[in-house]
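Structures are listed in the sections that come next.
Look at the two complexes coming up: chain A is in both, with chain B in one and chain C in the other.
Then we have the complex of A and B:
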């Protein structure tokens, strides 16, 4: 029984911790905010190239970012900070406000015992024994999962989403209904079986894996491989690879749908443009259940020896009232991709479901 | 009823064939011993043999590395569709796997319980060498510093470091791969695999002391020879070797597609925890 409590607590700790990492302030980035978002073409000579002359994207990159997906309201239509803004304490989730309100600069994302179950002290009572439960903690810094360990690409953007609004467009009425139906179903059935658990828990895909590929909060590393006619992007999260043919072939037939869609790439000058279609209607993007008509266009541009500018547009008329676009930087890191054997090590699924069955059994006995 | 002429003529054909075969066979070994008139593979831009492509084995090694006759499959209800096709075996030499005595016993237990124990049933990553000859394609993407291999089964991935060897951060399902070139042969040494993967559906297994030395040698435009030497002193009394040809997918629309099989293994793994209908 203790194992189940432990596993559930760990799972909860990770879920709770993830948003904290994503909101870590810009001031804690390891890299200086020097590489501007709109680097002029002057750096073109410095980018690495493959033998066939295309920009060479191969290597391991981090897309960890302190930039929030949606723009903090206090930034208005301001898309880019100046270095002076950052020096004055703006940035990250604090947006364009003063530093004082946010407090704890560099503190968020350190995680550690205080954020785990142990921090709740005496309140953590094992329901079965009535005794204080095993004092578990999830020291994220110990495992290098916290944002302070991640190398983050510099960016002066106020939000990943581009444009004057800097946030997701409204959902269509149909999408609102789908979202409400999904939430209502989950409220009743989320513990029924493995297929009613979130895709991330099932090791099918993490919420931010995309495409568009967004920072995950942790494990935000990806490896790009490049050969004649192909570029492959492997995300460390769950070990998912998107193999992108660049030979001009057509998409798979429309009836063939894949979790990550079916990507096709082509070169526009030094930019790799990837169009992905053939999605399922079983995924969500930014909490919205998307449709199989979604199309995602990504643009990869080598800005300098260490940076890839990643731009994207999501077009799903069945979900959002208009297309939306974003931009972030990936930075090269000196590290291999680690193998994330998510499904192979998914003890949480069995523990969560069997734990829920035990709860139900106990409730039935007490009636 | 056959007449004497047919018998005579038939016999002549047999004799003629035998003579022809002798001629052919006696010629080939001699020319084979000449100093490597070997196939020379197309080059990548940096001058190495070009192994880029989508490859797949066509044999029954994933059922059983050893020679095996056809047999009833482990799921009776699937009848002939999932019964075991015969195969002449892919192990070099005596065709046997040199298990230590205790390991030989373990393999028998694994075989008896293979439907419950085979990591393939659970959609676990195949490890090396099994991923290479599972009945799914894999793609090689080659660059000077790194060669990546992308397997359709379970979306498994490994990155072969062609530069200075580095130390594995931990044991893993797909191991730690370090490569170098010997002529046109890509040699990859794979270490630091965990003890959870098998070699085939017949319960053949290894420990975490496994070291696999792989050799990928282009044989023609569309055939890549794959050899793997297997060393594991905790499990085997000596090194042993398998040899499996890999064939290129030449279809214009060939691509590695998604086989996210964990979804298909959920009933096997978690079905017993499912909420029973109480209506």
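Then we have the complex of A and C:
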């Protein structure tokens, strides 16, 4: 951890959230489940606590992870690596096949080691030099955005998704149809105008923001702020703060729907449990168009001074044939959260549409 | 145990790039792979903005005239965390930029490879450490 940081820019959204904490009902702790509050002095674990005895989650964390969302097929039902597995080269997208590739037991298993890397290397060779041509993209490593530049919590998990299957359950027939319809629409209309571009490109929400909050690909950082009756989570990508009341108030009426849903928190022992409902039917999760009946349950547990264990369950009977759950660790970082200010610098929207209009004009001229 | 695990994870880090890497927008629709660029220019401005940073530079043409180009790069947030600031790429810095030009023909491109005049890469830093 040798991050040098610029001067002191905290996310504006967190500052916006502060007055809400000030308005928290003074008696809010009384509405918390009585059995949930442990006596801080008696706590054996060295986790920070707030004045009311709850674990203090305040801080800036990275949820970047080397663990894939779905388990590599060659791991079967294996949920957790041993340190020896990692030493033998297993892990990440390679899954459990690396040890066999290193010589020994034979049977690389389905998927095999290094499949992804081989596929990538074969693409786009410059015919003049015989070398791989430059990608039509900036080099992520030149901007510190390679996955290995991020601070990542160590994990022995083979996949973020838990359970013996380690992957998303099948989509329901109606969800398959919604997905097919969406893809068909996009094939025809994705370049019509700004409104037909993905929510991420429009700076509305980033696909991994959730909930459940998944690694963002880069800038996988989030800040948790905590006050009486509230917990707030600001994700660096893309600019949003989820303000989570923990004072026992009911959910919003069902007809009030929000991009990130309507979260309500409560304490179960030292675990903060957040149930989120009131989603729209306009977002996708893991490429599946979800419904406004989705319910996401998240569990935050501060396992030590630097680590938050984050567990979640997604239940959307209109989208998946059964609920699915996942788990990852967040690790504290020595850095502020930086403002993302996506709209302000989003030249890409105009540039992309301009590029597409040029393509269409050229195609029309060639007819 | 914890330290051992960190070392093990870090040692296979390059193979573990499983986290999805999304660009904020589709680069292949903005830039033309049939219009490769190689520019030698002088930095006039570095816009450290999200979702993508932009390097502005003046490029001298063979006839002596100067053309202003803008080159798209990555989100600057991680650069801040690695210790880079706006002063890390001051005005007047000479760069070689290889990439591709915008499909609409503007003097705008994506910088796939950014190098100083001595051939060194801009901003490249060793991989971080898992903890």
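By our rule, the second predicted complex is superposed on the first by the 283 of 367 C-alpha atoms of A that agree within 3 Å, B and C clash if a C-alpha of one lies under 4 Å from a C-alpha of the other, contacts with A are read in each partner's own complex, and residues count from 1 in each chain.
The rule is short, and it goes like this: a residue touches a chain if its C-beta (ideal position, glycine included) is under 8 Å from a C-beta of that chain, and two chains touch if they have at least 3 such contacts.
For clarity, every value in this text was computed on a predicted model and none was experimentally measured.
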Contacts of A:357 with chain B and chain C, given as first, second, both or neither: both
Touched partner set for A:64, first chain B, second chain C, both or neither: second
Chain B versus chain C, judged by how many residues of chain A each one touches: C
Partner chain(s) touched by A:203 [first = chain B, second = chain C, both, neither]: both
Contacts of A:243 with chain B and chain C, given as first, second, both or neither: first
First, second, both or neither for A:151, with chain B first and chain C second: second
Contacts of A:87 with chain B and chain C, given as first, second, both or neither: second
Contacts of A:51 with chain B and chain C, given as first, second, both or neither: first
Partner chain(s) touched by A:194 [first = chain B, second = chain C, both, neither]: first
Touching partner for A:347 - first (chain B), second (chain C), both, neither: second
Residues of chain A at both interfaces, chain B in one complex, chain C in the other: 191, 203, 338, 341, 344, 346, 349, 354, 356-357
Sites on chain B touched by chain A in the complex: 44-46, 52, 123-125, 139-143, 145-146, 148, 150, 154-157, 159, 161, 166, 169-170, 172-174, 196, 252-253, 255-258, 260, 262-263, 265-266, 269-271, 273-275
Parts of chain C lying in touch with chain A, wherever the complex brings them together: 1-2, 4-6, 8-9, 12-33, 36, 47, 49-54, 72-85, 98-100, 102-106, 108, 110-114, 121-125, 127-131
Chain C contact footprint on chain A (complex, rising order): 1, 3-6, 64-69, 83, 86-87, 89, 91-94, 98, 114, 117, 134-156, 191, 197, 200-201, 203, 207-208, 215, 217-221, 236, 238, 306, 331, 333, 335, 338, 340-342, 344-349, 351-352, 354-359
Residues of chain A that touch chain B when the two form their complex: 50-52, 56, 58, 191-195, 202-204, 223, 225-230, 232, 234, 239-241, 243, 245, 249, 252, 256, 258-260, 336-339, 341, 343-344, 346, 349-350, 353-354, 356-357, 360
